[in-house]
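The letters A, B, C and D name the chains in turn, as written, and every chain counts its residues from 1.
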Amino acid sequence: MFTLGDRTFTSRLLTGTGKFSGTKHMLAALQASESELVTLALKRVSLNDPADDLFSPLKAAGFQLLPNTSGACTAEDAILAAHLAREAMGTPWLKLEIHPDPRYLMPDPIETLKAAKALAREGFIVLPYIHADPVLCKRLEDVGCAAVMPLAAPIGSNLGLETREFLRIIIEQAQVPVIVDAGIGAPSHAAAAMELGADAVLVNTAIATAADPVAMATAFKLAVIAGRMAYEAGLPGQHQQAQASSPLTDFLLST
Amino acid sequence: MFTLGDRTFTSRLLTGTGKFSGTKHMLAALQASESELVTLALKRVSLNDPADDLFSPLKAAGFQLLPNTSGACTAEDAILAAHLAREAMGTPWLKLEIHPDPRYLMPDPIETLKAAKALAREGFIVLPYIHADPVLCKRLEDVGCAAVMPLAAPIGSNLGLETREFLRIIIEQAQVPVIVDAGIGAPSHAAAAMELGADAVLVNTAIATAADPVAMATAFKLAVIAGRMAYEAGLPGQHQQAQASSPLTDFLLST
Amino acid sequence: MFTLGDRTFTSRLLTGTGKFSGTKHMLAALQASESELVTLALKRVSLNDPADDLFSPLKAAGFQLLPNTSGACTAEDAILAAHLAREAMGTPWLKLEIHPDPRYLMPDPIETLKAAKALAREGFIVLPYIHADPVLCKRLEDVGCAAVMPLAAPIGSNLGLETREFLRIIIEQAQVPVIVDAGIGAPSHAAAAMELGADAVLVNTAIATAADPVAMATAFKLAVIAGRMAYEAGLPGQHQQAQASSPLTDFLLST
Amino acid sequence: MFTLGDRTFTSRLLTGTGKFSGTKHMLAALQASESELVTLALKRVSLNDPADDLFSPLKAAGFQLLPNTSGACTAEDAILAAHLAREAMGTPWLKLEIHPDPRYLMPDPIETLKAAKALAREGFIVLPYIHADPVLCKRLEDVGCAAVMPLAAPIGSNLGLETREFLRIIIEQAQVPVIVDAGIGAPSHAAAAMELGADAVLVNTAIATAADPVAMATAFKLAVIAGRMAYEAGLPGQHQQAQASSPLTDFLLST
């Protein structure tokens, strides 16, 4: 169990709603993941167009919604999107994403900090998506963010923990939960993030674009639990020299 | 489910019995792992000294035993050990280990192939522990091995899939099950091996030397299931360029 | 040759002056490196204490000095240090370092951008040391920095290109030179940075703490040249499948 | 300088002759590399067809030729090729390659050892191309090989030191020179192999398929020298924690 803002969650797997082939498949996968916190872009809330609306079915299925500001290029954009999202979805929870770069969708540290400060002050529960930058993470914590969401690798790259050394430092220093976001392309990546001591991970692309999203969601669910258990159970260190696991049957040599 | 020799197994996690702090802890961890096939050194069978004997309690707990020839430096040593093990444990199953190098315990390809050929001909169900050498794996398959057990990294190193590119080739070419052995130090490593398409993994050190071996065994159990599910569910590829997971809220830009 | 600020340099290896066992050894190593641009902390300029002074001998040896603001925790600190350095060393060149975190010395993106903007406006030739954050790099370029200096790994870690995927993006997007700084622990790391297309690298710890700093400096000099040549000569891509380099002597098979 | 068989070489860069766009370009690149030992397939010796012959121009240019048995699938094939090569090229030097697998061209440990033993006994200077298998390397040394040539990655893959942990062990244990072969795709890879303590590297594909093979050959030449110098100069270790390279200007904090 871990606590984010004013809520305690059992699942350490956060999920997203992009790239699924349809709402029905999405819901089935999210339910299989046992995720409790699900992010969706403001654009996906179409109160007037039920066919394109994700809000109502997700709400009905009992998920805690985490609106995101995907598409925002400045703090101003993001603050506007946050207000619209709060109104449309009735929640102060917010995944703050500001990425002026359309090609790699890398987050902007300056605008993100500016928006986070303003929105936290207004009472939003702010979860900022950012580079795996240890100093920036401390600053976001200082302005009142409920968690930090450093990236593992570029969004959608499926490359895994490219930022491992920096995640290690962020986790060591953070006083708020650390949720590893972006680039997690396989259950082994999610497990590795949890083994490092991350509090949670967010996975979207790898589930949504799998040949079988329900099975993949289940796989991620198990991997996140496994990684957390291993972290708590005390992983042994790495060695460059072999260490026999079976006792050597030395008497053989003298027979 | 996968088939090895004449048996079908539900669990794809093989375990070992070395390095545990005591028999009771070992049994608890192995049971938590839900492993069905457990390797033990011939030396651990002390029919005359019950206090030091692992055979009886493992047998009583229902595990399929997989005697190993740990300590053998030559094919001759290993064949002798195999015969003693078959007699002592009443099973033709055999994990064939021949490592003349006492420091890194690296397997010997020449002696291993020689012993495997002889033992397979005698009716042993031979599972050879070997380097991640694709040609050697085909040759071991050709002489009748029931599976191949390429190493991920030096035994006890906990370094994970150092041999990833070669495991990929071995798995692509093998007609017998591929069980990744040695060097798997964390559940994320086990999941990664399964995601590559391995049929199973063998884990010993990382469970036995964890602060909480029962929890660690459970974590490995889940990770192996997760990795296999992901493999079957169709993992998406890796990209160097970002791919947005949330649709960009482009209207924001024009407001 | 590459141009930084108003100067053109032949050498793409920048060096530092910390951690050497003495001034004489330092000078010998820097000369062997053929580096033209050498960074030193303001503290190392002791006009009143010649024994502890690096400024005069470096100047006499013909190096272009690059004062740094090591130790600064805020933009204010750094701006003060920049002014003192300009006065003491008579140069507007500045390696801007702001790291509030004493343990990992990670750079602060917010304060660095703030100080960079102010100092560039004042006419300093600003080379900021920063995280490998593509958006921050663009912003530093926009406020007038002469180059960007993203880190490869934590300072002094010798871990090499941990930030490879992000350096690739930074290099692709930058309009100013990209100088990879921090974490380069071996000539192979320096070559790899150059092969990615970096304009230069800065190496200090790995040279200063080598058993033989002069030889190590020479090794880095050659590796930087090699990496750049390879980048310009067009490195072939990577493949998962083998490609024979020798033509197979197929007639053998039919003899 | 290092000694192989009965000769001492200044250059630690071995090269190959495959995949070049023409003999003239090949010669220019090999000369730029300053390589002294050059491998070529038996097939490339066409005494009757001067247009397709590499032997005469290489010989005329002063290279020590290293015929290889590329294409051999068995020890028998390789021994036949060795005899033909010795006769055609007038040299007992031999790069022994036996790869029954046409897709990945992985070497066969069993047949290679068998052929190496026979050929060494006949007076050949045998350099076997093999998997990075530490025990196999010792055995090849024991039967009289002049060096061992473990692979870094699949031939032509350009993936670099995939077998790093095993190369480290091989180098530690070998009494004959260790020449890293196959998979070296960039000067940084060659430097890294030398930094590990390899005696030499063999590079072919990365030079031959570069846009500018002469420049690439020069880059590899420098990288190999750099890597060796760094190895001899004593590379410092890696750390997970930062270590400041500039002394922190602490007085700033109190101003």
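Definition applied: contacts are C-beta pairs under 8 Å (C-beta built on N, C-alpha and C of every residue); 3 or more make two chains touch, one makes a residue touch a chain.
Source: prediction; values computed, not measured.
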Exercise. Would you kindly say which chain has the C-alpha centre located farthest from the C-alpha centre of subunit B?
Key: C
Quiz item: Nearest 5 degrees, what's the C-alpha rotation angle taking subunit A to subunit B?
Solution: 180
Exercise. Check the residue numbers that subunit C and subunit D use where they touch, and answer same if over half are used by both copies, otherwise different.
Key: same
Practice problem: Measure off the straight-line distance from the CA centroid of subunit A to the CA centroid of subunit C, and report it in whole Å. | Solution: 33
Self-check item: Inter-chain centre distance, subunit A versus subunit D - centres from mean C-alpha coordinates, in Å
Solution: 45
Exercise. Mind pulling the residue numbers of subunit B that touch at least two other chains?
Key: 104, 106, 154, 157, 159, 165, 240
Quiz item: Which part of subunit D faces subunit B closely enough to touch in the complex?
Solution: 99-101, 104, 106-110, 113, 131, 133-136, 138-139, 153-154, 157, 159, 162-166, 169, 173
Exercise. Note which residues of subunit D are touching subunit C in the complex, please.
Key: 16-19, 39-44, 68-73, 77, 80-81, 97, 103-106, 154-159, 182, 185-189, 191-192, 195, 204-206, 208-213, 215-216, 218-223, 225-227, 229-230, 232-253, 255
